[in-house]
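Structures follow.
You will see two complexes here that share chain A, one where it goes with chain B and one where it goes with chain C.
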Partner chain A sequence: MNKMQILIVDDEVEFASTLVERLALRGIEARSANRGEEAVALVKASAPDVVILDLKMPDLSGLEVLSRIKAIDSSIEVIMLTGHGSSAAGIDGMEQGAFDYLMKPVDLTALLGKIEQAYKKRTGERERQ
Partner chain B sequence: MIEKEIEILRNRQLEMAGRLLAGFSHELKNHLAIIKESNGLIADLLSMGRVEDPALRTRFEKITDTINKRTLMAAEMAKHLNGFAHRSDTPLSPFQLHDVLNEELAFLSRFANLKSISLSLSFTNALPVVYTDPSLVQFIFASLFFHILPTLKSGGKIIVSSGLQNSSVSFGIVSEGKTSSDTVPGFDAVEHDQALQAALRVIGASLSIQPADGRNIIIICTIPLSLKSDAASTI
Partner chain C sequence: MKSIRSWFTHLLPMDPDKLSNEVYREKSYGYFKNTLFGIMVVISMIPMMITAGLGYFQYRNLLHAEEYDQLLWRLDGAQKTIEALVESLQSIVTFIAREDRYYALLNEKDLRILFDRLKEEYGDFVDLGVIDSAGLQRSYSGPYDLEGKNYSSQEWFKEAMTKTVYISNVYLGYRQIPHFVIAVRKRIPDTDDYWLLRATINADTLQKFIATIQTKATNDMFIINSDGQLQTASRTYGPTLSSYDKDLSPDGISIHKEGAKTTTLHASAALKNTPWTLILTEQDYVHKEEWTSFRQRLIFIFLGCSVTVILVITKLVGILTDRIRESEEKRHNLLAEAEHSNKLASIGRLAAGVAHEINNPLAIINQKSGLIGDFLEITPSFEYKEKIVKSLVVINDSVLRCKNITHRLLGFARRMDAVIEEIDLNRLINDVILFLENESLHNRIKIRTTLESGLSPIQSDRTQLQQIFLNIINNAIDAIVHDGVIEISSATLNDGVEIKVKDNGPGMTPEIVEHIFEPFFTTKELGKGTGLGLSITYGLINKLGGTISVDSAVGHGTVFTIHIPFTSTNIEENHHE
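Moving on, here comes the complex of A and B:
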């Protein structure tokens, strides 16, 4: 069985790298990208199972990255991160195919729960294909 | 003409302040997210026994707990600030009365704390969605709060409640422990507050102010569930 692979996309380098390290301490393999274009290139190259994606980035918006990821492989699950006060931005993401969204700062336990659910959905869909 | 220009200028200033605050609070949340994750990483390493001295480990664990709690509190404040800043983006919008009151109470509680006035909530479980101007509802609520606050002695109480009638929702402010028993505190000030009265008129809301007994006052603000179209055109 393949090991779950996570990609964290956030222009805040320290946030992304710290999250990678915290997931690694829990035995989860994760990589990070700090730009939208870099994220799309990594998705093409390594097809992660779950992408944790910040909504606001300087080059491409999170929603643009989401649409390009889904165009590459629609079974890759995306969890959006939003710093907005309201849930409207996260709901926009879900309408465009995101698995779910979480507000920043993230509760790691909640994030791990979402990752697990998203991975189950991803592997279920792969088995059906 | 000059008055019209001043009105336009004021509106633009408010709009700009809202945009700046919204952007600022968003950035604040990013910084808090980094602090929270970095602190979480330290906590992870501690829980994995990377610090061998038990006394030192316990001390570090207390520190990381405090950082985590305070970061979450600051994040909650940033969230309210962000929501508050965005309230005037769309003058007419559907919203939950409890959301806009909670958002504002996050800021107002500080003013009550500074006077040692306790602030508590007694909200009705479920209210229908209101369609009106949320920033005006917040303006009315804050105006009433600031009229009431100076009338209370240290140790007094403010209780904010909510209610539902046929085609309107309401919020109530009960104040206990006023400074004088011979007048209804804040009543004249409320009557003569032109901006407050204008806000009430624009959204079709009404106020009822009554002394509940010698020391307590109840103010009820009733807001129509949906703003009538003729009134809406003035927003």
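Moving on, here comes the complex of A and C:
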């Protein structure tokens, strides 16, 4: 089994980089992207296991990035992050194949739990293949 | 055209800005009602008045013309009859006074025989006399002792001597009885001298004759001479030889006032070969039954119609004004309501937007403090480590507080997925009260319930309903502060369930009530409330298809009335945030 790879996509540079650093402290390999296009390119290049994706970005919307990622590799699991209290966008994301959604500001413990679940799902699927 | 339209627009109480002003509204509806009433009365009464007026004058003219015709026709008849009478008397006298009879008639005996025969045939004659040109009565036959009387100084004699046939005015003469004379002038045979045969007829004869012609009791018929002296008795102007002073139009009809009220028509005609004028008087039509009853009926019908018209218009205008008023007020209320919920919705959206923008920096603070915590965990102890760790806890708590606020704010506007299930609202309320028991006991606030025992179960969302009642009862506790009573009642209505939450707190002014459901509106001390509780409650109830209203007065406490339909549908907002 390969080491788990995480991609964090958020236009808030500080948020993404801090999260990368905290995950790294916990032994999880993570990279960050601050633009939608950049995220899509990174997915193509490095094929992460789990993508943590902000719904709102200046160039591409989170939902658009989600569909592009799923087009590249549908087995990549995506956890949506939303800044609004509204669950509507998160639900829309899940309808389009996202694994789950969390609301900002997110608790790291909760996020780690979700990542764990998503990764299990992905590796399980991989094993079945 | 334009001014008429602007006048109509002005007439209607249309100015929506001023509609909320009670005094203006009353005044403007009153004005509208009165003007409409006026217009309708004028429009319906004018044709009625014109018709009635036309009828009145037309009928009057008709009666007037008919009356003139009748009067002239009757006058003509009477004139012919009297003229025929006079004619016959005159021809009798002319017949007797043959020229060659002069000497025979001077003989008293012969005269008497003639007179007796005459009287046998014509009872109208009183006496008969022969008078010579000197005015001396040469022979006489009759009831008076008039033989030898000299008439030369009398007016009638002078005039008779100038005409072949003479008819005198009625006068008293020597006998002091009203009479008139028919005198025929003849030449004394073989001389240039004249003699007169004079026949006297009592005025009574004329009187009786007129009485036979005269029919109606209201009429008056009499004869006057050229001096205006009555030749026969009149019902109005007195006995024979009284005077009659009216100006007559020659051979026509003149109108005269008799006293203050009565008008009379006087028709006159000169009688041929006599010094007399026949006068027929009649009361004007206005005093007659035909006209007075017509006028009474006209007035009665006109008044009846007017009263009916006014009653109908009053009723109609009342209904019309009420209808307009009702729909205007309904429209106004709907507008106000829509404005209110619009306002709440837009404030909600604004709040959500602000919350969203705050969430991102909050996330960064959260992660950074987390990272610091992570580093501290793997760093050995140093001088201020403990203080830094404590500070981090406070930072995290503060972030959590902010998060709670932003999430509640967002909740105000967000779409929620209601889980519809059957709910016993009484039980739900009791659960909520149980939950708040500690707080109410602590503040010495009693919560009393009068819940309807057979309250209809409803189909709704449990969590949201709990939130709603938690907020409202909490609000009541906060309003009372301490020592008070909260009364909660439930009842089943036609279209849902109604819950009333009443507190005996200080109550609110209308200004506060107006803003009570707006987010961030709070009367609590700074830091004690977010001003979101009631606005979230409002949103929740709306989404369950219910309504909430508040009734409050300063010093009388506050009542919240919540209406929840039997079945709540999951009302979703259409926009995605």
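The working rule: the second predicted complex is superposed on the first by the 129 of 129 C-alpha atoms of A that agree within 3 Å, B and C clash if a C-alpha of one lies under 4 Å from a C-alpha of the other, contacts with A are read in each partner's own complex, and residues count from 1 in each chain.
Quick note on the criterion: contacts are C-beta pairs under 8 Å (C-beta built on N, C-alpha and C of every residue); 3 or more make two chains touch, one makes a residue touch a chain.
The structure displayed is predicted, hence computed values, not measured ones.
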Overlay on chain A: chain C relative to chain B, clash or fit: clash
Contacts of A:G83 with chain B and chain C, given as first, second, both or neither: both
Partner chain(s) touched by A:R68 [first = chain B, second = chain C, both, neither]: neither
Touching partner for A:K121 - first (chain B), second (chain C), both, neither: neither
Which of chain B and chain C A:R35 touches, first, second, both or neither: neither
Partner chain in contact with A:D92 - chain B first, chain C second, else both or neither: second
Partner chain(s) touched by A:R22 [first = chain B, second = chain C, both, neither]: both
Part of chain C, among the options 187-195, 295-303 or 457-465, whose backbone runs into chain B after overlay: 457-465
On chain A, positions contacted by chain B and by chain C: 12, 14-15, 18-19, 21-22, 25, 83-86, 103-106, 108
Footprint of chain A on chain C - complex, ascending: 352, 355-356, 359-360, 362-368, 370-371, 374-375, 378, 399, 403, 406-407, 409-411, 413-415, 417, 576-577
Residues on chain A engaged by chain C in the complex (per definition of touch): 12, 14-15, 18-19, 21-22, 25, 83-89, 92, 103-108
Residue ranges of chain B in contact with chain A within the complex: 22, 25-26, 29-30, 32-38, 40-41, 44-45, 48, 71-72, 75, 78-86
Contact set on chain A toward chain B in their complex: 12, 14-15, 18-19, 21-22, 25, 56, 83-86, 103-106, 108
